[in-house]
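Several structures are given next for inspection.
Next come two complexes built around chain A: one with chain B, the other with chain C.
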Partner chain A sequence: MVSCLNKNYYVCTGCALLCDDIEVEVSGDQITTIKTACRKGFSRIRGCIEPMPCIVNGKNVDINTAIKDAAKILKNADKPLIFGLGNSTSEAQKQAIKLAKRIDAFIDDTSSFCQGPTLEAILHGKIRTCTLDDVRNRADVIVYWGADPSNSHPRHLSRYSYFPRGEERQRGWEEDRTAIVIDVRKSHTAKICGDKFFQIPLHTDAFFIDALIDALSGKVPNMLFDYDIKNLLKLANILKKAQFGIIFEGFGIYNIEYMETMARLMGKLNEVSNFHLIPMVEHYNMRGFNQNLFEETGFLNRVKFKKCEKGFDVKYGVDYSIMEVLNTKKIDAALIIGSDPMSYLPRSAAEYLLEIPLVSVGPCENFTSRVAKVTIPSALSGVECGGSAVRMDGVKVRFEPIIKRARLSDEEILKRIIEAI
Partner chain B sequence: MKLGKFLTAPEYRLMVVTYRDIFQSAALENSRFGEEYRKLSAVIRMDSKDIKKMGVTEGGTLVVKNSCGKVVVRVEKSAYDVPHQGVAYMPSSPWSNALVSADTGGTGVPKYKIIEVMVSDARGESITIIGV
Partner chain C sequence: MANAMEIYQFLPKTNCKKCGKSTCMAFAVALLSREVTVEYCTPLKETKFKKNYEKLLEIVAPVEGSTETGLIVHEEKCFGCGNCVVACPVNVANDPQGVGIGRAPTNDKVILQVENGIVRASNIQECRRFGKNRILCNLCIITCPTEAIEFV
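Up next is the complex of A and B:
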């Protein structure tokens, strides 16, 4: 909570922008008015209409029984998985890592099938990055690549990337900033960018990047697909002239091969210009999980712990990713925290979760909790409990709860599961 | 009785590109099981020429399937002013994920964004209910 001009401002946990200027009015334990938040944030703060029940085997139980049964499932499993945590505080994530070590678990999160490699490159210093505040104050060329913040992060353009009059960009979007969209689809953000929308055919990102690197190097681009070369040269010219350029990388272009190509493009852009990259992280604290696990193990996701004489071994790699442990049926129980793999994953992979005992922790019912053996209701971060999180650009943000309700936080639930094991 | 009832509906190949929609995201925060989330998720947006070619009615339902799964969703005309015949758009959701392959080619990353499908007129079949 930030106080300013006798007003209290709260942090929205609707996405990884973690907007810290939310005004609310409260009556008792009810939030009656929410100001400043976007449509998504408003919905997050208002809460869901189907709160998570406290259930074991389809029967309502008290929280102590649910925690005890959850602990029993995890203790009895040979190969448990802990998954989710992108919607949990950093404090809860650290408890989950502690639990994973205790029970020799696999631990993974949604970065495993989206922006993991980009964040890994950033954490290893292989890709130049900056903060959103740098963007607001300094950026003159802004590229949304496979990203549509108008829908995914609705206040991105107004708070940070395009419309603000930052310290060195006092003439704002009208004169001081150029916003570009590169995408296979004319998104809402592309409409804002007008003639700076560069639409590329499906499956051509890597070829497009190679051709762009040629253009930035002063070579004749080798176009391996149907594209107007004048358009590509126009784009290269804008990028070259950037004083402070930023690429916001969305889900639209992500794949493993692409990451290597993008790293080459960033290298070239920083030879001829000045560029940075920030991944458009969706869940409010996915990056926090990645950084917490990285500090503990040197890896940011896809980890398996195994106790040994010197403490514990850490195994890492694609074989320990959520997708591969489901595909190969490698796990025999799962603890899902603040996530809904039955919804996010390909259905044919997620269906294996129906075959094993599941524990689901979170503030709201979801597709996964409805098939879980044990469900444990937890406080909604930023509304019912406070803590800290890491914004999409790596800035740590602390937040306080708006209201107090009886539900335990993820952190408290995880501590009690650890105690019960 | 109409003879057409006994004939298989013709199938058309499309590439589906998934996207985020703020109205759908807000509906998800409210209820994953609600009518609004289903309405905003179980939808395929197509080029008007593709809709005309298939002879389906806007607002009607289509079977969208591939080797990974099958869903019935509502068809709508795309609001994009750039023609995109052969390419359709679906919001990222359990309905689009039913069509995503679990085979990650050893990367651990499913191909969520671009999905090859066959579509056909669902002839009044209701939208697939997921997660109830």
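Up next is the complex of A and C:
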């Protein structure tokens, strides 16, 4: 909670923007009015429509029994997996890493099939980045690449990237900033950017980047697909003139091959002008998980721990990613925290979760919890419990609970599982 | 929503001035900007204009449901992104250290603000489309990704 001008502000954990200017009105243990949060944040703060039940083998139990049974499953497993954590506090994530070490587990999160490579490049200092406050204060050329913040992070444009005034951007967005969308379809964000929307065919980002690098270098671009070169030159010209440029890299462009091409583009852009990159992280603390694991192991996801004489050994790589361990049936139990892999992983991979004992911890019921052997309800972080998280740009944000309810936090549940093992 | 020309088609077109306006076209414009209501045109009450009268009531109904400046928020379309809140020049002038820099409003002088995930209008008399020196400002409309704001 931040106090300012006699107002108490809370932090929204609806997405990785972690807006810290949310006002609420509370009556008893009910939140009656939520001000300034977008619709996405409003539904997060309002809470789950279907709260997570406390169940073992289909029967309602008390939380102590559920925790004991979860511990038993994880203790008896040879190769357990811990997955999720993008919607948990950093404190809970640290407990999950501690648990993974204790039980020789695989540990991974959604970044292993989305923005892991970008975050890795940033954490290793290979790509220039900045904070969202720098963007608000200084950015004049803003590129949303394969991203549609109007839907994924609704307040992105109004809070930081396009509309607000900043120290060096006092005259407002019409005069001071140019917002560009590069995407395969005319998204809601593209609509706002008018003629600065550059539509490219599906899967051509890498070719487009190469052509753009040529244009930025003053060479005749080699277009490998049908595209109006005049348009490309117009884009190159805007980018070249940027005083403080920023690329927001979305889910539309994320895999490893693109990463290498994107790194080259960033290199070129920084030769001819001044550019930064921030990944459009979606879950409110996915970046926190990556940074916490990185501090502990030097890797940001896809890790397997093994106890040894020195303490523990860390294995890392594609072989330890959630997709791989499910596809090759490498695990024999799983603990899913605040996530719903059953609903978003490909069926071929997710199906294996039906064959192994599953423990699901989280505030709301979901597809994964419906097929889990043990489900443990936890407090909705940012609403019913406090903690800290890492914003999409790497800034650490602390938050307090809005209301106190009886449910244990992910952190407390994980601590108790560790104690019971 | 209809434009002044469409409204004009349903008026008596006699320029009788009974409504206080010099022409029927001027009355149509005044009706659109909510300066007058259909009732001001007394000849419309005559039986021969009954159909026109009913049609006009239908056409101007959305105007009546809007704020005084004719602003309507289509709640089902609004994401609560706050683009309009921060793009509105009156909001910025009235709260430079709050909405002006993208943050929550710090006073109650703003016209647009987001509550329960949806934008709400208040202090509508401050809107640049209101009053004597009104201008056709449309910044909240062009910055809305979903066409949730409309002026009628």
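FYI, the second predicted complex is superposed on the first by the 421 of 421 C-alpha atoms of A that agree within 3 Å, B and C clash if a C-alpha of one lies under 4 Å from a C-alpha of the other, contacts with A are read in each partner's own complex, and residues count from 1 in each chain.
As a working rule, a contact is a pair of C-beta atoms (placed from the backbone, for glycine too) under 8 Å apart; a residue touches a chain by one contact, two chains touch by 3 or more.
Note that the structure is a prediction, hence the values are computed from the model and not measured.
**Student:** Touching A:Pro154, do we find chain B (first), chain C (second), both, or neither?
**Tutor:** Both partners, chain B and chain C.
**Student:** Once the shared chain is lined up, is A:Ala37 touching chain B (first), chain C (second), both, or neither of them?
**Tutor:** second
**Student:** Scan A:Lys59 for contacts with chain B and chain C and give back first, second, both or neither.
**Tutor:** neither
**Student:** Taking the superposition on A as described, I'd like to know which of chain B and chain C A:Asp21 touches: first, second, both or neither.
**Tutor:** second
**Student:** On chain A, which partner's contacts cover more residues, chain B's or chain C's?
**Tutor:** Chain A has more residues touched by B than by the other partner.
**Student:** Kindly classify A:Lys310 by the partners it touches after superposition: chain B alone (first), chain C alone (second), both, or neither?
**Tutor:** neither
**Student:** Applying the document's definition of touch, where does A:Lys230 land relative to chain B and chain C: first, second, both, or neither?
**Tutor:** A:Lys230 contacts neither chain B nor chain C.
**Student:** Have a look at where A:Trp173 lands relative to chain B and chain C in the superposition and call it first, second, both or neither.
**Tutor:** second
**Student:** Kindly list the residues of chain A that each of chain B and chain C touches, one partner per complex.
**Tutor:** Touching chain B in the first complex and chain C in the second, residues 38-40, 42-43, 150-151, 154 of chain A appear in both lists.
**Student:** Which part of chain A faces chain C closely enough to touch in the complex?
**Tutor:** For this pair, the touching residues of chain A are 4-5, 7, 9, 21-23, 33-43, 136, 150-151, 154-155, 157-160, 162-166, 172-173, 188-189, 191-192.
**Student:** Going by the contact rule set out above, which residues of chain B touch chain A in the complex?
**Tutor:** Touch residues, chain B against chain A: 15, 17, 19-23, 25-34, 68-69, 80-82, 84, 87, 89, 93-94, 97-98, 100-104, 106-114, 130-132.
**Student:** Going by the contact rule set out above, which residues of chain A touch chain B in the complex?
**Tutor:** 14, 38-40, 42-44, 46, 48-50, 112-114, 148, 150-152, 154, 184-187, 199, 202-203, 251-252, 254-256, 302, 318, 321-324, 326-327, 340, 342-349, 364-367, 370
**Student:** Under the definition above, what is the set of chain C residues touching chain A in their complex?
**Tutor:** For this pair, the touching residues of chain C are 78-83, 85-87, 89, 92, 96, 100-106, 113-118, 142-143, 145-146.
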